[in-house]
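Note sheet for the following structure.
Letters A, B, C and D mark the chains as written, and numbering starts fresh at 1 in each.
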Amino acid sequence: MSCTIRIRIQREAFDTESETAFLTGGRKDVGATVAFTGLCRDEGGTLKALHLEHYPGMAEAEIGRIAEQAAERWQLAGLTAVHRYGRLAPGEPIVLVVAAATHRKAAFEAASFLMDYLKTRAPFWKKEERSDGSKGEWVEAKEADDEAAARWRSTNGK
Amino acid sequence: MSCTIRIRIQREAFDTESETAFLTGGRKDVGATVAFTGLCRDEGGTLKALHLEHYPGMAEAEIGRIAEQAAERWQLAGLTAVHRYGRLAPGEPIVLVVAAATHRKAAFEAASFLMDYLKTRAPFWKKEERSDGSKGEWVEAKEADDEAAARWRSTNGK
Amino acid sequence: MSLDLRYFAWVRERIGHAEETVEPPAEIATVGELIAWLSARDEGYAAAFAVPEVIRAARDQEHVEHDAPIEGAREIAFFPPMTGG
Amino acid sequence: MSLDLRYFAWVRERIGHAEETVEPPAEIATVGELIAWLSARDEGYAAAFAVPEVIRAARDQEHVEHDAPIEGAREIAFFPPMTGG
């Protein structure tokens, strides 16, 4: 099965339905799609917005490399990742990953893998804008995210 | 976190975007949504359609019980399952599961759990309509689906 | 005791109807005994329940094993393993 | 050798600019040596690279370790651990 890969880095919002339709449209061998959306949280009201900075060029390239790995590891019909940058308020979507496959296990695992690697390897950085007007900090990388990515190295995942 | 649960059994198609918005709308504590869609495949061109029969009343109740289990096991903001019945052609969506949570791991796992249990416990049966006009058979239950559901009993999943 | 029965998928097809109300004799205490009693009715029931181990049952819309009692039930349903999703 | 450098997030903020072109001396062979050489420039660079272990680097838009050679590179980028997704 050849896997369609689409990566986009953009300021604008994305449309999950049309991104999913892009992978399944016209095909009759896709039995499962998994669409993951990551959204900005207000952290109990303390966060007014996130400012996402990225490394243009490398962001697309790195997510593309992660997607190629997923396509080698699982039987996929398609894989899409859309990541936004700029100022994003709580409730707004930040990232979308869609995986399409014949079987649900591959779709779930590929989407989860792509998100775990994207979190730790895609060149994006978040800076807080606080609700109380105090100086926002750069969000620190989480150990839990490194661990989530590491689990894919210790299992064959199939 | 109280978990919104919505279960629907219907003949009509569903809209993933509005089902997801129902769980996230107005909330600012949701950081992750996972939407799984199961679609009818044409099985290499041999299948013209699937006819889905269900047990009205029990279908809603049983999926509701599975969703309650998921809501106890993971920290979720919401969980939606929509399952269609009637005649469905290849390419058409059959089932939708959406999980919304603060963190992505809970959303991925709850959606995957709900699908695995739904496959083996929700009272739905599929009968084939063959492309060549020959008599279609009732689809047989897959051992792989029983195994997929069983794995949630041997792990704590958190 | 009057009991509503419901049949689905190939169980329904082999029996020839989707539902009925029966009055099983008092000695029929469990779902498994009900299956055996129904099987003796005619060829259709015999065919539907030929391999009882594969038959799934629900009592008042909840899955039960074949050793579940039928006393107090309003509705018992019989069907093959589920293939939804 | 002329080399384009790019800085992101708090590395960029501490250094005070997002990109520049440098001509490191010939003895600077690795990414790690480049970090040490830059750190000596002024307080901003020193602050950005104060804890070199946390600094991530990319050579021509691919992640590399600090022992990676810089020879032949067009662009080297420095940044904190990523927090996308």
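Assume contacts are C-beta pairs under 8 Å (C-beta built on N, C-alpha and C of every residue); 3 or more make two chains touch, one makes a residue touch a chain.
A quick note: this is a predicted structure, and the numbers were derived from the prediction, not measured.
Visitor: How short can a chain-to-chain path be from subunit A to subunit C, counted in steps between touching chains?
Guide: So the least number of steps between the two chains is 2.
Visitor: If you average the CA atoms of subunit B and of subunit C, how many Å lie between those two points?
Guide: Using C-alpha averages as centres, the distance is 26 Å.
Visitor: Where the CA atoms of subunit B average out and where those of subunit D average out, how many Å apart are those spots?
Guide: 48
Visitor: Could you work out how far the Cα centre of subunit C sits from that of subunit D, in whole Å?
Guide: 73
Visitor: So which bits of subunit C are touching at least two other chains?
Guide: Nothing qualifies.
Visitor: What are the residues of subunit B that contact at least two other chains?
Guide: Counting only residues that touch two or more other chains, subunit B contributes 38, 115.
Visitor: Go through the chains and record each pair that touches.
Guide: Contact pairs between chains: A-B, A-D, B-C.
Visitor: Inside the complex, what are the residues of subunit C that reach subunit B?
Guide: Touch residues, subunit C against subunit B: 6, 8-10, 58, 61-63, 77, 79-85.
Visitor: Spell out the residues on subunit A that touch subunit B in their complex, using ranges where they run on.
Guide: Per the touch definition, subunit A meets subunit B at residues 15-17, 20, 24, 27-42, 44-45, 90-91, 102, 104-105, 107-108, 111-112, 115, 148.
Visitor: Please output the residues of subunit A touching subunit D within their complex, sorted ascending.
Guide: Result: residues 38, 52-55, 57-59, 61-62, 83, 94-95, 115, 118-127, 138-141, 145 of subunit A touch subunit D.
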